[in-house]
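Several structures are given next for inspection.
Here chain A shows up in two complexes: once beside chain B, once beside chain C.
Right, the complex of A and B next:
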């Protein structure tokens, strides 16, 4: 891919951007390292070590052990006593599925430095990759008791709970995240999704509120608009819904679907999307609530 | 073009500001020499001070860079779930990635050798 990235400075900027924006793109990272940056490592200066770490993790992600070994040995030469490099070594054991070795190293790191958050998180992933979700949850809740402001960890815990279908606990995690950044439409959308999945009239009502807020914060959030449409249609067809609210819901669903068709109309696939929307509407309404 | 304009404006503002300060000092020493009572600075110095201060403030604001959006949700609107939900410290590696890697089959052997080398 990315034929235009042939100059090492462009690649450096791109990788930096990916590091900051939190993109996974592991295969591309490894490719770019091999094609361009490996020959210009000396020019990177201090940033080079960050790049090496990034490439190392990306290489593990693609199971490209040659590149991973190269990065690790370079880092090890430069920082022989670093706990961070030791953690990377543990990650490599993890990638080659030697979980006991990895756990030993991580325990050693934590013993040396009790505040080493990253190593504690790696312990969670070791349990997770072995399929021991309950243990992973326990480890992660212990971790969160110490590091309560770690958004990444709350998100992970939320996903773990969702995989166990513990919706209430998962919702609690997202509530925590929403406290951290109340204007992030994605957290609001996530909370609404969990509530929508839980089902029941009260939960639908909560979901609708949060979908609305997400759509308000980002009017281009298609997923929130779809969610808004679906929840309001569901609410309108619910027998518990008073007639006043029924009208409101129908109005809201119409507004959401209008909004969606406008959004998709601004893209090219006008015909296609309008058909899908119509189909979705038919599918969801089913009964005579709207007609 | 405008960035260099802003720079000149800032420099001009600062220079004028210093000039105003110098004029004020000159005025005071002139008053002392002629043994007059000090009441207030002449209007032109006051005007120059205010004008050059505004100029410098404007210039330095424009030099400092792009303005950030004051509404906090604008920056967040650009975030996608894909990147937000990607958590580097919780990567697991026992996924299908190694199947797509052509040299995957050598992974266990090469991995071992290198770890011992470290």
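Right, the complex of A and C next:
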């Protein structure tokens, strides 16, 4: 945090921004609360409750239980029967690693309100915190059967499958995301990364296609540009590649390399593409051979 | 015949700063040693932080390793080890991805070490090194005893130095390879940080 925020209105606006963009700046949130906003809480009006919730979660993230308890007690006083506050209580148990207590509260909330998506998702994180990834995946897939449009959940499921090296299932999750948002270059890039990691010539081709589309949608996506170079060079040097595609690959690789040079403002990435040609076969870490 | 393993203050500081910048995700990185190092007693002189998202995906890992390899050749270094911190606070075992990457490193540098961060021992005032080391030799993973693993110049000086860096919140300007991929002008070598650490 470069700028020093001293005015409570600036802090309020910054926190509002972070809430809207779902930023995880927990240390800064707690510091700004302690230094500035806590003394001006009365001036926040109804927004104050949202700020308390935000500071509570940030405090749990920093394991600052004093601030967390203060926020929770204020929220509890104002909204004693609220399911939303009950969920925050469950989060506090989760932060203290009292997972059984947390699960009890969440199950109660879900019983009272079956449409409560946030509580169901917290159950997934409880399993994840304990390293119970299989259970987390099961809980999340059950959740997604009901709440099929939750993109955040599909992305989380994709991450869980990647950690288990279940590439086909991870790819399926990204396919769902691409159906929702076909022009999101990040989803296309992620799909390409999974396909590349799976290995094999056909997956390499698919990866190159998706990297190209991602780079077309956002020529500043560095991962897509590097990925395009990597896949093009691998394809061009593969015996299965017909000569037409080889020429195409070389052109794509050069285009990506130029884009990267422009972004970087230097010629380093031209050097890099010749390094890739040199390094081929030395540092492949994907599952199957690229041949 | 137990082989010894040493970590420079610079490498150790970078590992801890990386962990502090992204406390909520898994992180990983590689460890560098001087070219021609004896793999029986290796000294890691530097660390390059890699990722904090999707550590299991291959393409950006390959890109990173190629760039680091190229840097190493100009600086007279080699990729000789790997470090990792798990996402879950209690997790103390290396995951399959870490093992695979380290086995790959061991193909070029025998007896490569996998340094694991013990999340529970991390704190703003560091009192313990919070690292455990396993080494890949003869196709097997063996845990290294604490007496065969040292931080230079000595554990206490390193801990004090790191605690001072943490109190200045230097982890906020620390750059890993993922940060570089998000903004290509960010320096994954953290050259400006190096002078503050030495």
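Keep this in mind: the second predicted complex is superposed on the first by the 261 of 291 C-alpha atoms of A that agree within 3 Å, B and C clash if a C-alpha of one lies under 4 Å from a C-alpha of the other, contacts with A are read in each partner's own complex, and residues count from 1 in each chain.
The working rule: a contact is a pair of C-beta atoms (placed from the backbone, for glycine too) under 8 Å apart; a residue touches a chain by one contact, two chains touch by 3 or more.
Please read all numbers here as calculations on a predicted model, not as lab measurements.
Counted by residues of chain A touched, the larger count belongs to B, out of chain B and chain C.
In the superposition on chain A, A:129 makes contact with both chain B and chain C.
By the touch criterion defined above, A:185 reaches chain B but does not reach chain C. Once the two complexes are laid over each other on the shared chain, residue contacts for A:76 go to chain B alone; chain C is not touched. Of the two partner chains placed by the overlay, chain B and chain C both lie in contact with A:61. Shared-chain residue A:24: touches chain B and chain C both.
Contacts of A:93 after superposition on the shared chain: chain B is touched, whereas chain C is not.
By the touch criterion defined above, A:196 lies against chain C but remains apart from chain B after alignment on the C-alpha atoms of chain A.
Of the two partner chains placed by superposition, A:108 touches none, neither chain B nor chain C. When the shared chain is aligned, chain B and chain C each come close enough to touch A:223.
Residue overlap on chain A between its contacts with chain B in one complex and with chain C in the other: 24, 61, 128-129, 190, 223. Residue ranges of chain C in contact with chain A, taken from their complex: 24, 54, 56-63, 65-67, 69-70, 86-91, 95-97, 100-101, 104, 172, 181-182, 184-185.
For chain A in complex with chain B, the residues that touch the partner chain are 21-24, 26-27, 57, 60-66, 69, 72-73, 76, 89, 91-97, 118, 121-122, 124-125, 128-129, 152, 155-156, 181, 183-186, 189-190, 217-218, 220, 223. Chain contact summary for the complex, chain A toward chain C: residues 1, 24, 61, 128-131, 159, 162-163, 165, 190, 192-194, 196-197, 207, 222-223, 226-227, 230-231, 260, 263-264, 271-272, 275-276, 279, 283-286. Residues 72-73, 76-77, 79-81, 83-94, 97-98, 100-101, 103-104, 106-108, 110-112, 114-115, 117-118 of chain B are the ones touching chain A in the complex.
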